[in-house]
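The structure follows.
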Amino acid sequence: MDPFYGPGRNQLFVPGPVNIPEPVLQAMNRNNEDYRAPPVPALTKKLLADVPKIFKSTTGTPFLFPTTGTGAWESALTNTLSPRDRIISFEMGQFSLLWIDQMKRLNFDVDVVHCEWGTGVDLEILRTKLEADKEHKVKAICCVHNETATGVTNNLAAIRTVIDDCMHPALFLVDGVSSVCAIDFRMDEWGVDVALTGSQKALSLPTGLGIVCASPKALEATKTAKSLRVFFDWNDYLKFYKLGTYWPYTPSIQLLYGLRTALDLIFLEGLDNVIARHSRLGRATRLAVEAWGLKNCTQREEWYSDTVTAVVIPPYIDSTEIVKRAWKRYNLSLGLGLNKVAGKVFRIGHLGNLNETFY
Amino acid sequence: MDPFYGPGRNQLFVPGPVNIPEPVLQAMNRNNEDYRAPPVPALTKKLLADVPKIFKSTTGTPFLFPTTGTGAWESALTNTLSPRDRIISFEMGQFSLLWIDQMKRLNFDVDVVHCEWGTGVDLEILRTKLEADKEHKVKAICCVHNETATGVTNNLAAIRTVIDDCMHPALFLVDGVSSVCAIDFRMDEWGVDVALTGSQKALSLPTGLGIVCASPKALEATKTAKSLRVFFDWNDYLKFYKLGTYWPYTPSIQLLYGLRTALDLIFLEGLDNVIARHSRLGRATRLAVEAWGLKNCTQREEWYSDTVTAVVIPPYIDSTEIVKRAWKRYNLSLGLGLNKVAGKVFRIGHLGNLNETFY
Amino acid sequence: MDPFYGPGRNQLFVPGPVNIPEPVLQAMNRNNEDYRAPPVPALTKKLLADVPKIFKSTTGTPFLFPTTGTGAWESALTNTLSPRDRIISFEMGQFSLLWIDQMKRLNFDVDVVHCEWGTGVDLEILRTKLEADKEHKVKAICCVHNETATGVTNNLAAIRTVIDDCMHPALFLVDGVSSVCAIDFRMDEWGVDVALTGSQKALSLPTGLGIVCASPKALEATKTAKSLRVFFDWNDYLKFYKLGTYWPYTPSIQLLYGLRTALDLIFLEGLDNVIARHSRLGRATRLAVEAWGLKNCTQREEWYSDTVTAVVIPPYIDSTEIVKRAWKRYNLSLGLGLNKVAGKVFRIGHLGNLNETFY
Amino acid sequence: MDPFYGPGRNQLFVPGPVNIPEPVLQAMNRNNEDYRAPPVPALTKKLLADVPKIFKSTTGTPFLFPTTGTGAWESALTNTLSPRDRIISFEMGQFSLLWIDQMKRLNFDVDVVHCEWGTGVDLEILRTKLEADKEHKVKAICCVHNETATGVTNNLAAIRTVIDDCMHPALFLVDGVSSVCAIDFRMDEWGVDVALTGSQKALSLPTGLGIVCASPKALEATKTAKSLRVFFDWNDYLKFYKLGTYWPYTPSIQLLYGLRTALDLIFLEGLDNVIARHSRLGRATRLAVEAWGLKNCTQREEWYSDTVTAVVIPPYIDSTEIVKRAWKRYNLSLGLGLNKVAGKVFRIGHLGNLNETFY
């Protein structure tokens, strides 16, 4: 028996991986299958038709990479950009920071906008930078929709407005890892060129699918993008899409069936109802934090996240101890404070297949 | 209900993904967990201590990438080599061909040795090439241990002997995707620098883990390897190994517990007993093929594979039809012939957690 | 790890419990539920509407007892008969013998017709007995449809004809444990008054449901049946059926969902197709036995069972040793010879969710 | 998809069936097995050695009936008593009432002591009755340890003292359905002759095992007990115990493995720690009820139950509506008020594998 075993279920309230609903566990409780026999292509075809819906896109092309969010980031960048291309990106927490780190290591020229952790994208800085970029050297604007480290949700519509105001042709690449299927995400309306998420977040699956959706403009960009890529190459997928076999290499059979069920659950409830539920539970969490007399790490209401709340604790307490004690004493999993806010905040994840009492 | 559903179980005899044993399905039937809470690092630590054993290595450093064999290939190459580095590799079937294709696209300078499909590495050609390479421009020799498309097992010990005879310092990178845990694989003894496999093969897990093991020499090579890499970078893992948190990004909790059970099953039976079982079942399969009056695609006994048998069928029959009919009429999954042998062979996978009657 | 664990799946070919299909395992992989909340009554209502179909009855009333076949026997007897009531029954193997033993212990007056093991009901003896019973002292005729110990299937239609010819009012109680959902069973057409089966047989579920179906005449008989009964009392069920809550005590939530899926699979394939499949696999088994040069325990073709074949082995071999060796050496489970045929036969079960290759 | 499906898990707080821990679900996620092959007897042997421990008995003989608590009641009565035997029993809620109803229908002569619902056994009445029974016509005293309908726990030690004071030889039969493995139960110390429980209560399994433990005195009583019984007969089990095959009819393989894991979890935590945990959570629940300004149905602290709390609500509210709304609006399952307290109380189950946060 597991040495960590304790009575009762673990209360999993980290902002990912999140609780898996029973129907998804059931769907995944299966043997492997030959992915070249008819069922897997038929299943995949339907998944590919449905996945863009979670991004509210009718024109996007989806890719289901056997990878994590980090891999999905890499796929978004290498398929659309060439080494030394200039990117504007915003650092406002651990995850935006890690994506920026990846961009640098992949040899892009990143113009990092440093934001105080707990704040979101400064639209005026973006406007200034884009206006200054007369030669359109900036090839992409990369933004984390919901910064999981601080509980900040950025206003993507407003960013799109700034880009449009500046008539700037840069691609708009968005990390929707902790927002898609939980916080409203309108890929087409907001002109997002690459949107991505991970299976273990609001989709409430195990880790293992990096889900990427590419706009027609992004697909066009692949034709000139010189970044080396093989495992993460969209073109290999597109080639197999045309063949009707769909997979350039072996997918996880279990995750495909799990994704089918996860999407069915979301569509059954209605995506907008799912989003409204997250809004309700997010607000409830913030009210609880307020009632405890604690502060939200997110500085302004406009950035409040409906999927994660970073709770600032008094300076004489180490938040790491709170997380440890919650786990050890109550079998309750909370998120640590990361990097600049380590020890200062703990995080409550309130995303995925939850309700008022199981939460 | 699934439109493809038929009575009885599907008989899965493709050479991967293979049948999952019940204890592994049980271990994977679980909710997500916080991978930063104590159980996951404790579990990972033990996995990392045990994984090198399946490669028969005491000095190798293992990496458990959330990816497929294709990703493991990419990780092996980009962590040890720099763009334009010269590689000698052998094309003898669809999988060796795909790896070579990856090498080229990752901008390596590949010296491809074309072997007839159904044959293995020509040691004399290798010797000639290495002897000719006085300046040691060849940085790596890449070999697929067991070519899954043709059922050819290469003699890695003999390749190492050639390399040693030539006193050549090239790295020796080996794809053990369809051999490790089924066909004897002696990483340390044979001086393999990077060995890799995938979870859905002889380990009998779902797809989703690209398992890589690096020799000290390979780890040393990363220091100068200039290929761009982030998701597949060993250094990120090594950094987290030191921290004792182990994961640079979110792993699949389910696959980790599944791998634990898969390894337990292998160690319980004894790795050499597992290998002997594959040898027995491989021989039995070949005897059956002979009894049917059909020919093995593999041209010489020395290359016979104990994990997959490619059966050559008479020219007036299309093997694709056999595979289709087996699936449709008998719920029996066989492997297609691929590329050069498409239509000419069908393949029987006999690897993983099998026995004489369930097979 | 289980000390009995061996590689590969156990090949389960006993005549029950039988292999469980994956969709059923998935459906049963769930938490408990409050059986008084709306889903369980709704589920039960639909199950009760569907269960009579497997008996080919439109007028029968079904009961799903949390018990085994032995409990279902007890329920059939005690709900329709009073102590000292006379029963005619046929002993032709271990299971008919055990039912008769139960009848005696429940204080019924059993007129046992002893048949040679390997033969079925002697219709002429039945006719003679019924004709002689001018006073209608015989209250019930009890017959095992398919004697699992010998692989004998009785002709229920012919028995009904005899009863009708004699214009005898006795109830006709039938054990369909190893026939229902595999061998044609026409409750209404054959005037069966109580039919029963167990979940672990052709329904391919775990053990735990004793499924009973009562004709209107059987229900009428309960009004005067004086046998003591509480747990197995139909009236308690009927009371809760009327209330719409359906359960006098707690059912197994998991088995109800499992039964739902098991029935869905049967209806999807078509009950008559399921029966035809069993006929095909039964014939195939008998041909194999013949090819091995062995004899079927069943003496005449008219009694051949499509769900179980008892194979007579040469007298110098102990069939128990064959069964032991099959299990130990091949992880293959065969049925032992029981009682009078112990050591003389082994049994192959070929019932449930099987096909030509998984069999 | 289930029409009742809602996001998040159902919060199951009825007093049974209760939440199943993940390790138990995993252990039960398995195919059927031949129960005559070596693993099942080996498993059973160990279970039978361990089951008496949950009753704190070293001399008791356990029986694992494939049935529910109602069947376990029947087994306890029919194996130890003869028709018309006199029983003293206490009616103090729906479950004691149902057991008494069963006793009457099984033709025993029940002397029912009616207690106000919300109170426990009146020891003085018992003393008076036993003292008056000079001829020892009373053959059994039957008591529900924890009345699940009202949340009353009776003092079994005190009852035993009264019996001993009167030097009365009657058997002491106890329903421990909602107490065993949660509330201290000392079979040997308290001279309980038959103790019983059900798998779906504090053991946290699915419904399907009626677990009975018989003292040597109870076993002795079977020799003269004339009640008819077959399915529930202990002697059939004892016969198979001696043979080492253990089962007179087919058990549920899944429940046996589940029980193994359930016991392992209890022994790992320590039975007394499990009991202390229930005490802590019981007290916490009562404090919550008090804080809500509501009354406990249980009239005196000495009877407070640590597994279920029946909460009395103001007379102008129908408790059935509360339970309905909790289910519909919050996916929260609470227990209804039953019979005399229908509409007046709702019940919170706090038994099984729970902790402070998952509760």
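First chain written, first letter: the chains are A, B, C and D, and each begins at residue 1.
The definition used in the following text is that a contact is a pair of C-beta atoms (placed from the backbone, for glycine too) under 8 Å apart; a residue touches a chain by one contact, two chains touch by 3 or more.
Being a predicted model, the structure only gives us computed values, none of them experimental.
Asker: With contacts defined as at the top, give the pair, B-C or A-B, that has more of them.
Answerer: A-B is joined by more C-beta pairs in contact.
Asker: By mean C-alpha coordinates, which chain is most distant from chain C?
Answerer: Greatest centre separation from chain C goes to chain A.
Asker: Quick one: report the Å distance separating chain B from chain D, using the average Cα coordinate of each chain.
Answerer: 54
Asker: If you average the CA atoms of chain A and of chain B, how many Å lie between those two points?
Answerer: It comes to 31 Å between the two C-alpha centres.
Asker: So the centre of each chain is just the mean of its C-alpha atoms; given that, what is the distance between chain B and chain C in Å?
Answerer: 48
Asker: Of all residues in chain D, which are in touch with two or more distinct other chains?
Answerer: 2, 9-10, 19, 22, 25, 29-31
Asker: Give the list of chain D residues in touch with chain C in this complex.
Answerer: The contact residues of chain D facing chain C are 2-4, 9-10, 12, 14, 16-20, 25, 28-39, 42, 66-71, 74, 83, 102, 105-107, 198, 200, 206-208, 227-233, 248-255, 327, 333, 335-336.
Asker: Over in the complex, which chain A residues touch chain C? Could you list them?
Answerer: Those in contact with chain C are residues 22, 25-27, 29-31.
Asker: Residue numbers of chain C touching chain B in their complex, please.
Answerer: Where chain C meets chain B, its residues are 1-2, 5-11, 19, 21-23, 29, 264-265, 268-269, 274, 277, 330-332, 353-359.
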